[in-house]
Amino acid sequence: MVGVIKIFQRLRYMKRMGLTHVDTRHEIHKIERHQDLEHYKDIIYQCGKCGTCRTVYQDADWAAVCPSGEFRKFESYYLGGKNLLTWGLTSGKLKWTEHLASIFYSCTVCMACLQQCQIPEIHTYAVEWLMAMREEAVKQGYGPMPEQKLYTEHTMVENNPYMEKHGDRLNWLPSHIKQTPDAKTAYYVGCTSSYREQNVAVATAEILNSLQVDFRIHPNESCCGSPVYMTGQTEKAKKIAEENVKMFKDAGIEKIITSCAGCYRTWKDTYPNKFGLNHGIEVKHLPEFLLDKLKNGELNFSKEFNMKITYHDPCHIGRHMGIYKPPRQVLEKIPGLELLEMKRNRHNAWCCGSGGGVRSAFKDLSAFAANERIEEAKETTAEAIVSCCPFCLNQFKANIKNNEIQALDLSEIVKQII
Amino acid sequence: MIDSKIIVELENVVGKKYVSDQPEIQFLYHYDFVTAEPEGICDISIMPNSAEEVQEIVKLANKHKIPVVPWVSGINFGSIATPRKGGIVVDLRRLNRVLEVNEDDMYAVIEGGTTWADLQGYLEKNHPGLRAGITWSPPGTGIVPSCLCYGMFDLGMLGGSGAEFINGLEVVLGSGDLVKVGSCSLSNYWYGRQPLPDLAGLFIGWEGSTGIVTKAAIKLWPKMPFREDFAALGLTIDKGVPVMLKLSKAGLGICDLVIVNFGWGSSVQELNEKNIAKDAKEANMPDFVGLITTQAYTEKQHEAQCEAIKEICKEGNLRVLSAQEGAEVITPPPMQLWGCWNFSRGGGGQWVGTYCSTRDIVKFYNLAREICLKHEKIPQFYSRILFGGHYVVARTNINFNKNNPEEIKTTRALLKEIHEEVQQLGGVVMYKPPKWAVQTYKNRTLPATTELIEKIKKLLDPNNIMNPGQGIGDD
Amino acid sequence: MNNNEIVSELENIVGEQFVSDKPEETFLYHYDFITAEPEGKCDIVIMPKTAEEVQEIVKIANKFKIPLVPWVSGINFGSTATPLKGGIVVDLRRLNRVLEVNEDDMYALIEGGTTWAGLQAYLGKNHPNLMAGVTFSPPGTGVVASCLCYGMFNLGMLGGTGAEFINGLEVVLGSGDLVRVGSCSLSDYWYGRQPLPDLAGLFIGWEGSTGIVTKAAIKLWPKLPFRKDFVLMGNTFDMGIPVLLKLSKAGLGICDIFVFSYNWIQAAIGAYEKKVPLNPLKDNLPVFISGVTTQAYTEKQHEAQCEAIETISKEGGLTEAPQGISLDILPYQAWGAWNFSRGGGGEWIGSYCSTREIIKYYKLARETALKHGHTSQFYSRLLFGGHYCVSRFNINFNKNDPEEIESARIILKEIHEEVSSLDGVVMYKAPKWAHEVYEEKIYPATYELMKKIKNLLDPNKVMNPGHGWGD
Amino acid sequence: MAKKKRVSYIRGKGVSKLRLAYENHEVERHQNIEHYKDIVYQCGKCGTCRTVYKDAYWSRICPSGEFGQFEAYFLGGKNLLSWAVTSDKLKWSEDLAKIFYHCSVCLACTQQCQIPEIHHYAGEWLMAMREEAVRLGFGPMPEQARYTEHINKEHNPYMEKHEDRTNWLPSHIKQSPDAKIAYFVGCTTSYREQNVAIATAEILNSLQIEFKILKDERCCGSPVYMTGQAEKAKKIAEENVKMFKDEGIEKIITSCAGCYRTLKETYPKKFGLDHGIEVIHMPKFLLDMVNSGELKFNKEINMKITYHDPCHIGRHMGIYEPPRKVLNKIPGIELVEMDRNRHNAWCCGSGGGVRSAFKDLSTFAADERIEEAKGTSAEAIVSCCPFCLNQFKTHIKDNEIKAFDIAELARKAI
């Protein structure tokens, strides 16, 4: 009898709802990551295209979760479809085409779909073949998408995907920011903050100053390679990564603080785990860093910030890295601030629609995703949508109409109340 | 072969974005990826956004005499949405709006492609006092097809099979005509199928071979303030079933009664079939798990009902665990059943799922179990008691590795063997049956009834374009 | 038409004793003696004993192209079994056996002519723990006919309209073919209409115009150990209806909920319309009188349910009837419905409608009746856990007085017109004149489909012509 | 709300009985068919008359209808046929007459009907229709005409000689020539069920009742009256009353239910013969004696029996309890009831001229009652009507059950 109870133990009961939650047992279904398609063939075909990947199945509102699928509607654009197209390809039932590639690129790789799937290997690892398919597309000459190719070429020359000059990268830096020339800590600004959301860079630098952290900004800071890597151009991205690691090692950097979710994931996860670059540099995302400071008492919020806000989980720190709590914990410590949750939050958060090369290659899909998220944020009655990823921030700002809601980065708020 | 002119005509109906004949899009409509039943061909897929568009599509299909396959999720264990004879798959994904919820008459008017997720989400947000059923199928399955195909959900004790939840339909017939059946045919209320002639049956149980349902009203039920879910454990199915049947007739506020066996219970975990005992008996594990959900309006009523349920279980020598008392019990849906098709770590699953008399549950199980064990498969069984105990669904699942043609073949043989065995019990009939099962029923059905079915089919779909090769009225 | 030839062919089928073209026998089939709706003509009446005999009869009717009217009791307020175009009345009185009761799946397999009395008698003797419904209609009305025409009974809260109690049918089509629909079409079990195509609807709501049902399985329900029947009274319908609707959704083991107007009760107990208050509201009498039946498995559950019912009704301002006064729960003979004005005539506007419309329905009908000097005889029953309801308003008249018949019919039509202004109010067992109204309102393609179905099942239009749909 | 008190409720069953408001609906009796025209047409042929509606088993109740099947043979049909002839929608015919004669006038149908006037008075037009049939030459049935002729000559319908009437009388029976009390034996008892006559006479002797049997006792006229020949029956009645008066009779005890009803009810109410003679039916007489202590049952009769209510004292006269009470006083007797009893009793099928004119119907009715009696597991079916008794004896096969008159049992128990 005890055995049976144990078997059923994994199903959690939500009071009065009759809802259950299946805890998947990662450990018994571990598979190797970052392999090529052939490797995943059988695992993929566990998929029955049942459609669970489309919905926040275990949550109260059973909301849609996949921007790509909801926008294009055809099954091909959901995870189930992509799984089976992958299988179709590896089984010789389908051939590579431009259209097939475009399906795989019509995706922000936000991974919300994975979170819903109840088949353990797919739940945990589907992103592996989503990326492997992009890599394969590149190999076959079907990827990346033209716009992505364009920014990649630019990145290889000017170290940013924004068609800006490398020489203008530090234009945002005001004179009052105090850097420590031989600091072992670097503030890694990232392309978006350097060129587009400079407020974030300024705020972050000011916060670091006010906390009297010894830091510096690498004068030759370059793109981390994320936009290149995420579009399947692994070889190119690896080259960028190697150069970056060398540059920071040479500069004696031991710790990187970044305000960018994409840079964070790339440095912390992609460099070592995908590219095998065990750089040994500690990588901290700003909210995490702030939380540490709050905990050890070095940081205190003395001023009030009276605003109702909602927090948007950036995919690159949320589902990609599992960081959901720290930004919220920081926000909750701010006096006067009222944090409201959107229906879809944490691992079920709806993507802002900018990542994975989508914003440059599929503007309609990107705008569709952003608008849905903005509407959802508005429904909470929050005055501002707060994130901790400059790419999300920029996306929201670009898509919010008539100032119906504000968009802020976490750093911008913190800056005001220190 | 499909004329490319048709694509243009179809694009004129729904816009370019929602028509496709690209292989990367069509591939996913070729067959049911859970069962790995033989594949068909989807030549064109199209996503209409209104009943009028559906009508236009069906008219075009009639004009060109090409098949039309209605589709929502396209997965089901009978592979009945597989386009056997090519043609146009009408994917109803965009027809997924919840148009109205009538709290007084407790129904939801939904479009033909509305999924359980769509409705569930809508209700949670806007009508938290009402419940739609929750199925064991994935959230993306369609409500309307599920009801039309006698699927069932966790309100089955109150209202019967899904078909019995249908209050009315709006349908585009195979002929292209759009009809409404039920009270909606002459009013804005969709309160029921009465009192005009009840034409809903022309679309219920037909597997999409008579028309495409564009709207339906589905009964909802009130959510009561008190609820409890029990698991009752017993050594054998023989022991447990009579207790469940007794409960079904005791009117204890029970809205759902389910029986699952050890194999099934194990499969919904992420366990691998190969790593666990083949048979509960052998492992000295309880084979019987009954799941009981009761609702009540007042606390005292709730207590009384819970007490009586426990008492009846205890009298029947079952061990009862309640959800409130401990978290260590299985609870009602949503429960994702990937285990059903991933238990043998191959992502393939198929069932013999049947309606039958309450008298035959135990016999059904024992017959199926023996065959499974003979073929060294873990018997995976569940049964749901419906409509106050008036009838039941019994189901045996078999898993296989979908990538292994050999295993697919042996599984299919095994399924047919089970199906054949359980036929010795009168009245055991598969729902959502695959074509091979349909054929056996056709042979057994009173010839005049079969003839009538064929005539109706012909009447509603004169050019035989609706989901050809599926359903019972087809040649 | 040469009756003799047909009669002798018919006699060959069922024997001389059970065929008649004598006026003394056929007279009683000419029309519905309650409504005094226009009469038809029964040329020949026949009483088959088996489905095979029914088949033979239908074949003969097709051969001679003469109408056939299936008949059990032949009374209903829509006069739907009146042979408007002459022909053969097939009286199913001898097809009245209870063939099987399946206690496990809880259904009774009965023949097409089985009456409520026949079924009750059988269950009372052989299966005392199971309940069939009990209707407000006389005991001699047919179970199958009643279910096929959306009649309803005192298990309505559990199972809906009579139609929803049908598990399967054996039918002789208008064409003479014998079909079975439901699980019985391929097994000996009649447990349900699933899982093959559900063809039962080809015969439900058609008023016998598509075929003659020779067998049917009807759902039964368990009789639980504890039961209470509440009589809850209130001053007005505005007050009472919301309470009943609330109860209908509270799942308190309730198997029946209905409401009567004060005058209905008076009619039912044999009072004389002219001697009772026309408008009891004015005399401060409780106009709203309802019945609620609850069942339970244990005493504690029973107590809890009763308490909750009491609380809800008290909160809603209803009072329980004083001790000693308990409203009759079924069986309940409603002769008052047609004898209230001491003339033995009654007709109704009985409709299905949204639960939203009950009060409005009552008020509209009431005003019309009062205007014409009639009392308000109203009842409504909530069905299937509160998902829909039936509302009904009766008008009585002296059947022997043609003028009164005429004026009653005018009032009825006026009431019908009034209540039809409420969306979704549709008569069941509707007389021909009401059909005509619906035929105009109904979605045209749906009506076309009905005609096609009718034509498919009854190609020679021999089945109950002048009634049903698509005729 | 006082009106609702008429409604009673059976706990736990949800089954109810509707008590009728008799007083409100009084109708003149013994009128011609024209008189009842409107009342008859209150009938909607709803079919309630076919079923013991308010009882648990919802049994069928009308022998004529169940046998004839067509609606015409049930009360509803007869009501509407009556209306039809009075409204010129139908003409009198042999077939019409036959339908009305195809009925034992047991009145079980009327008990079921819920329309007050029909409930109480349907017997009136059933009889009025027979009278009308006779008037128009369509009635009575040939067999009935034959026995009527015989009665007019030999004063009994059994084709026996009048002079043989007292052949049953054993010598030990003691009569008192001047007695003011007469034991009215009746034709059936005199010629067919002579045991009943003997037992009755012996009981009277043992109770030391001074009585006599009329030397010239004749048929009471019931078979003539019941077949619609009111004029002829009235003549018989007048002769009988004259004879009673001439003999100085003040009280009549009879063991026959039919004679009882005729003498007590039909003579004064229908024929206007207010004879002033007390008429008492044997069971009632026995009950009085038991109650007053004059009669004691000393012997045990160990037998399970069931009691059959004769229509002529039951529904026709409202006597249901006295026979049961007497039976219950007999030591050893276990009385079990049939499903259909008292006002819902199924007729034995002999009355109303049916046994002579419609043998098949008569047999059908008897067989159904015998089966019902057997269903109770009783050893005997007991009645207090020699006509019922004779009917049962004729139809019981292989002695599956016995049939007794209450007098026979009482005699044994004394």
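Letters are used for the chains, namely A, B, C and D, taken in the order the chains are written, and counting of residues starts over at 1 for each.
By our rule, a residue touches a chain if its C-beta (ideal position, glycine included) is under 8 Å from a C-beta of that chain, and two chains touch if they have at least 3 such contacts.
None of these values were measured; they are calculated from a predicted model.
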Contact network partition after chain C is left out of the picture: A, B | D
item	value
Distance-maximising chain from chain A - centres being C-alpha averages	D
Chain B and chain C, separation of their C-alpha mean positions in angstrom	33
Chain C and chain D: spacing of chain centres that average the CA atoms, whole Å	38
Approximate Å spacing (C-alpha centroids) for the pair chain A, chain C	65
Chain A and chain D: spacing of chain centres that average the CA atoms, whole Å	99
Touch relationships between chains, expressed as pairs	A-B, B-C, C-D
Residues of chain B touching chain C in the complex	102, 104-107, 150, 158-161, 163-164, 167, 173, 177-181, 183, 185-189, 191-202, 204-206, 219, 221-222, 224, 245, 249-253, 295-298, 300-305, 307-308, 354-359, 387-391, 426-433, 441, 444-446, 448-449, 451-453, 455-456, 459, 471-473
Complex contacts: residues of chain C adjacent to chain B	102, 104-107, 150, 158-161, 163-164, 167, 173, 177-181, 183, 185-189, 191-202, 204-206, 219, 221-222, 224, 245, 249-253, 295-298, 300-301, 303-305, 307-308, 351-356, 384-388, 423-430, 438, 441-443, 445-446, 448-450, 452-453, 456, 468-469
Footprint of chain C on chain D - complex, ascending	1, 3-7, 9, 12, 14-16, 18, 20-21, 24-25, 37-38, 41-48, 50-51, 53-54, 56-60, 69-72, 76-77, 80-81, 84, 87, 89-91, 93, 95-96, 99, 113-116
Chain B-facing residues of chain A, complex	1, 3-5, 7-13, 15-16, 18-20, 22, 24-25, 28-29, 41-42, 45-52, 54-55, 57-58, 60-64, 72-76, 80-81, 84-85, 88, 93-95, 97, 99-100, 103, 117-120
Chain C residues within the chain D interface of the complex	17-18, 20, 22-25, 27-29, 32-34, 45, 47, 73-75, 91, 93-94, 115-118, 120-121, 124-125, 137-141, 154, 227, 229, 265-266, 268-272, 285-286, 293, 321-322, 324-333, 335, 338-339, 342-346, 398-400
